[in-house]
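Below are two complexes that have chain A in common, paired first with chain B and then with chain C.
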Partner chain A sequence: MTPGTAASLRRWTPLLWIVPAALVLLPFFFLPLVLLFRNSLNRDDPMLLMVPDFTAINYIKALSDPFYLQLFANTIGAALFVAVIATIIAYPFSYFISRYARRSIGLVVWAVYMPLFVSVIVRVFGWMIVLADSGLLNAMLLKLHFLQTPLRLLFEVDGMLIGMVHRYLPLAILPLFNAMKKIPDELHRASANLGATPSGVIRDVVFPLSVPGIVISLQLTFAGALSDFVLPQVLGSPRFRMLAPAIYAEATTNLSTAMAATLAVLMLVFIIALLGASGYLVKRLTPWMTAR
Partner chain B sequence: MAHVLSVEAVSKSFKGVAAVRRCSLELKQGEIVALLGPSGCGKTTLLNMIAGFEVPDEGRIELGGRDITRLPAHQRRAGMVFQAYALFPHMTVRDNILYGPRVQGEKPGVAQSRASEVADLLRIGNLLDRYPSQLSGGQRQRVAVARALATRPEILLLDEAFSALDRNLREEMQIELSLLLRRLGISTILVTHDQREAFALADRIAVMEAGRISQIDAPEAVYRTPKTPFVFEFLGSSNHLAATVGEQDGTPALLAAGGKLALTKMPVAQPAGSALTIGIRAEGIRLATAPTRAHRESPAVVRLVTFLGQTIRMVAEMGDISIISEVAAVSYETCPRVGDAVFLDIDETGVHVLDNAVAA
Partner chain C sequence: MSRPGIEAIDSAGMYRGLLVYVLIVGAFLMLPLVLAVMLAFSSGGGLEFPPPGLSFKWIVKAAATREFREGLLISAVVAVATGLISAIAGTSAAIAINHFRFRGRAALQALLMAPLSLPGIVIGLAILFTLPAFGLVPGIVATIGGHSVIGVPYVAYMVLASLSNYDMSLDRASASLGAGQWQTFRRITLPIISPGVTAGTVCAMLLSFDNVALSLFLSNGNTLPLRMMQSMQFYTDPSVAAVSVLLVALSLAAVPFLKRSFRETHMERA
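Let's turn to the complex of A and B:
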């Protein structure tokens, strides 16, 4: 072997590390994605089911038909709501544990992670017990005379949103907690030393330095809620349709495979665009991180 | 004249462990005092109580005539330079400097003129638009000092502020800052474990041990007339020898190294036969080729000669005792070599009785 080929071999050997991942991802993820995109260009036919074609008709329909537009509006609205509420709930909690839960921090982080290990189905049934007309929450509120008639939460948008906020809260807490615990104690002290009140320290130091965490928190919860299937299906209302169950219905009930593929591609494009946009947003909001 | 800062019998413990025990300290206007001691001696805790990051368990702290013992940190006028500088990474140098005047409610014009004033003083006018990540260690330190001075503090607190710098840069900055603080007349407390830093900057040095201030004095006084064995041991490099009170040629003497060394000029209070530990600084011992007054027979053998730039350090062995001697480097050509037989010439004014017990 000549020295030249040995050197070029050495240059390629690091790529061996990604071979196992590539072996799984290429045939089982990337290839189906390509097929999905190809299917979205086909045509659905009531008699012949999916007809091979090369048309944008499904995209035009998905982006102009009021039925589909309502679907997107519902989904994006619900996902936005979940992302913002989960992040708002997570922010003070993350601040608290990053600053004050020094010795119990392992336990607290474990408690935050814990629900992620419990099957989402189990958690959904838990919420059904809590939210039902005769459930825990209503029983309590009725007993305390806060209500005369039970609140209808289950099988409504309300119940679905509550379940989603709960489901995605850990994904909001962890990036925020991570961002905040990286802020050195000395910066808090420096800010106070220069005359900032405790709330000034949060406004001037903690908040700007946690912006990357906020963006990741919004991103994860938004993407999660946007593509959620189980919660809209089990806790939600048939009058408030969400994208993921709708794709399932297109493919199974309506046998419109091409339309289902189209909606799936649109969801994917939307999430990719969102990730790109938030990456750009972080860069703009945190110029100090990339300054050289 | 009134004191800028007075710390009165302040104590602090953490979970029952005393960090600072009844420390008192007064600082005159424009004075620079160093809190010097090993890590864990309580110097940083004392500084944190002055800055307001810790509340003393007992005692009282006054700054500019006002009791600040329990005042929150943000209401004190004590500018701190942190060990890792603690510059705000998300703000440019300009915004870092403007931050203090801004949160203290100064008008934008006042804040701006303060910022350009301190930027000139610290010679960082060309760095104002950079982020801290774009600065070198020395530049960061300048910014940290400028930021602290921009609030016009009554006192400046330096917490190991030079320890992150390379040695040459550190000494340059020490000289520059020392000149600047004196020119501006800024009262300063610096915390350090580095005696060179304390000597380089301070008018007075408070040597701390186990939460207490062992001695507070001018630099030459703490070095030459240490009041406790700890102060002696902590400053400079020193030799410890077991000695007994005896006599030589009819005069009372301290006999060390099994009687081979006799110190006759020491005032000895203890009765004959008492066992003591004596300390002699390395620069208080010269190695001579001929017998000396203190060392008449059975010479020591030179084992190590180290050239240190300004000084030469030699290690000689006398039986099982190692003696360290440090002399000016100008004598390098004429100093003993490894293997030479030498006699110890001891400057007895620098000998300290450390302990009434035998050295371990």
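Let's turn to the complex of A and C:
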């Protein structure tokens, strides 16, 4: 960690340690990204599949054709909904476990981590059981006479959104938890001492200090939902198209490889812009973390 | 830090209200996992809930389904290979970043971690475009390569976390006693960071085992998650639930390996 270690003696050794990672990432990550961009400038031909070219025609089409504009609107709308709802649900949850973590840590932290570790397919399957026409939720609501006919949730936008909120909730909880656990108990006590009400402490002390956590929660959940394939594909509606399944469909069934590449590049640009924006926001909102 | 202090701030009513809320959200998080596991032991034929009775017929049926058995084998082979590659490449990359000071080090770290923040569906499609250049077609080798792109930064991230308190004077002491770099790594560094290496490798294997977005393009549609997805899209019977039991059990088996490292990186109180 200090200068003047063995590092200065052998300037070439770091290169040697990085070789294995480079052998994986250069051929399977960096080169592919370059090719992806290159292919997005090619042309799809109904007879000849992808034709080499150097044209922006796919981008123009993707950003002007109503079909693709609807696709982007659906995806961004759904991702925004999931990000906001998941962060709102996560906020009081994270507040509680950050304040009382040592007493409740075991079970509650399990409930957060467990879904992250279990295959998304299992989670989706669980939601099918809940949301199906003859599923748990409808059976309960019918029995309690809240409904006469079952609600149609599975293979609809509603079911997909419920599944997505569930999938990304842990990703909203963890950054909020990490931000809130850094707020010392003394700060709570001092505020109470000075006459702040419990809700006043949350509004004027906890909330401002947790804003970076909120930004990261929103960013992670938004990026996740934006690029989700499994949930739209399995729980979603064929009438509400989402970006990731659309990329897959263009590349496979539609044989529009260049268009698939173009949509993928646009998704990438969007996610990188989002990362940059949230990084900038966190830096602006927490000057005390960078100014040392 | 003491309980009375906390109680003086959050009123008892607020504490109780929040506790109920946390339990409800916790139940919401666990609900689909619990249901999937319960349905595996149903004697019914569809998704009806509660199950009409208890039986093992879906477990038996899933075990006899060729697609699931083959998928399990392929996914296991891919996960083990991905784990091995990620452990070696991820650990050594973490050493390079932690032990040495060189120009472009921050940029290198950012590049190394980049695959973690990019969508799998984009990486999968991009790799698919590159396969012909290596004379590859979608299959096990391509899938292993693709999964390793996620696994390497994951291991590197967790090893870097366990290196954060590493004392470089150990390396100097070892060198002054005549040990070479490799010997120092094997006998000094590796034992110290082994919890991070283990946790990272287990994570890389779990991520590979559950991966959908990359396998979609890089495998022949025959990994276990893809087989499950296919069977869910065409007909839904509880045999998918039976496979889910296996996956939940696998994740639970992985927890002890992750616990220590997660506590170090996420759960410590500031």
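The rule we apply is simple: the second predicted complex is superposed on the first by the 262 of 292 C-alpha atoms of A that agree within 3 Å, B and C clash if a C-alpha of one lies under 4 Å from a C-alpha of the other, contacts with A are read in each partner's own complex, and residues count from 1 in each chain.
Note that a contact is a pair of C-beta atoms (placed from the backbone, for glycine too) under 8 Å apart; a residue touches a chain by one contact, two chains touch by 3 or more.
A quick note: this is a predicted structure, and the numbers were derived from the prediction, not measured.
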Problem - chain B versus chain C as contact partner of A:T286, first or second or both or neither - result: first
Practice task
Could you look at A:F54 and tell me whether it touches chain B, chain C, both or neither (first, second, both, neither)?
Solution key: neither
Practice task
Scan A:D204 for contacts with chain B and chain C and give back first, second, both or neither.
Solution key: first
Exercise for the section: Give one of first, second, both or neither to describe whether A:A192 is in contact with chain B, with chain C, with both, or with none. Expected result: both
Problem - Which partner, chain B or chain C, touches more chain A residues - result: C
Handout entry: Set of chain A residues, in rising order, touched by both chain B and chain C
Key = 184, 189, 191-192, 198
Problem - chain A-facing residues of chain C, complex - result: 1, 5-6, 8-11, 14-15, 18-19, 21-22, 25-36, 39, 46-50, 85, 88-90, 92-93, 95-96, 99-102, 105, 108, 111-112, 114-115, 117-123, 125-130, 133-134, 145-146, 148-149, 152, 156, 166, 168, 171-172, 175, 181, 206, 209-210, 212-213, 216-217, 225, 228-229, 232-233, 236, 240-241, 244, 247-248, 251, 254-255, 258, 262, 266-267, 269-270
Completion exercise
chain A residues touching chain B in their complex are 184, 186-187, 189-198, 200, 204-205, 208-209, 286-288, 291-292
Problem - Residues on chain A engaged by chain C in the complex (per definition of touch) - result: 1-3, 5-8, 10-11, 13-15, 17-21, 23-25, 27-33, 35-36, 39, 89, 92-93, 95-97, 99-102, 104-105, 107-109, 111-115, 117-130, 132, 134-136, 139, 166, 169-170, 174, 178, 181-182, 184-185, 188-189, 191-192, 198, 201, 223, 226-227, 229-230, 233-234, 244, 247-248, 251, 257, 260-261, 264, 267-268, 271, 275
Problem - In the complex with chain A, residue positions of chain B that touch it - result: 51-53, 72-76, 78-80, 82-84, 86-91, 99-100, 103-104, 130-134, 147-148, 151
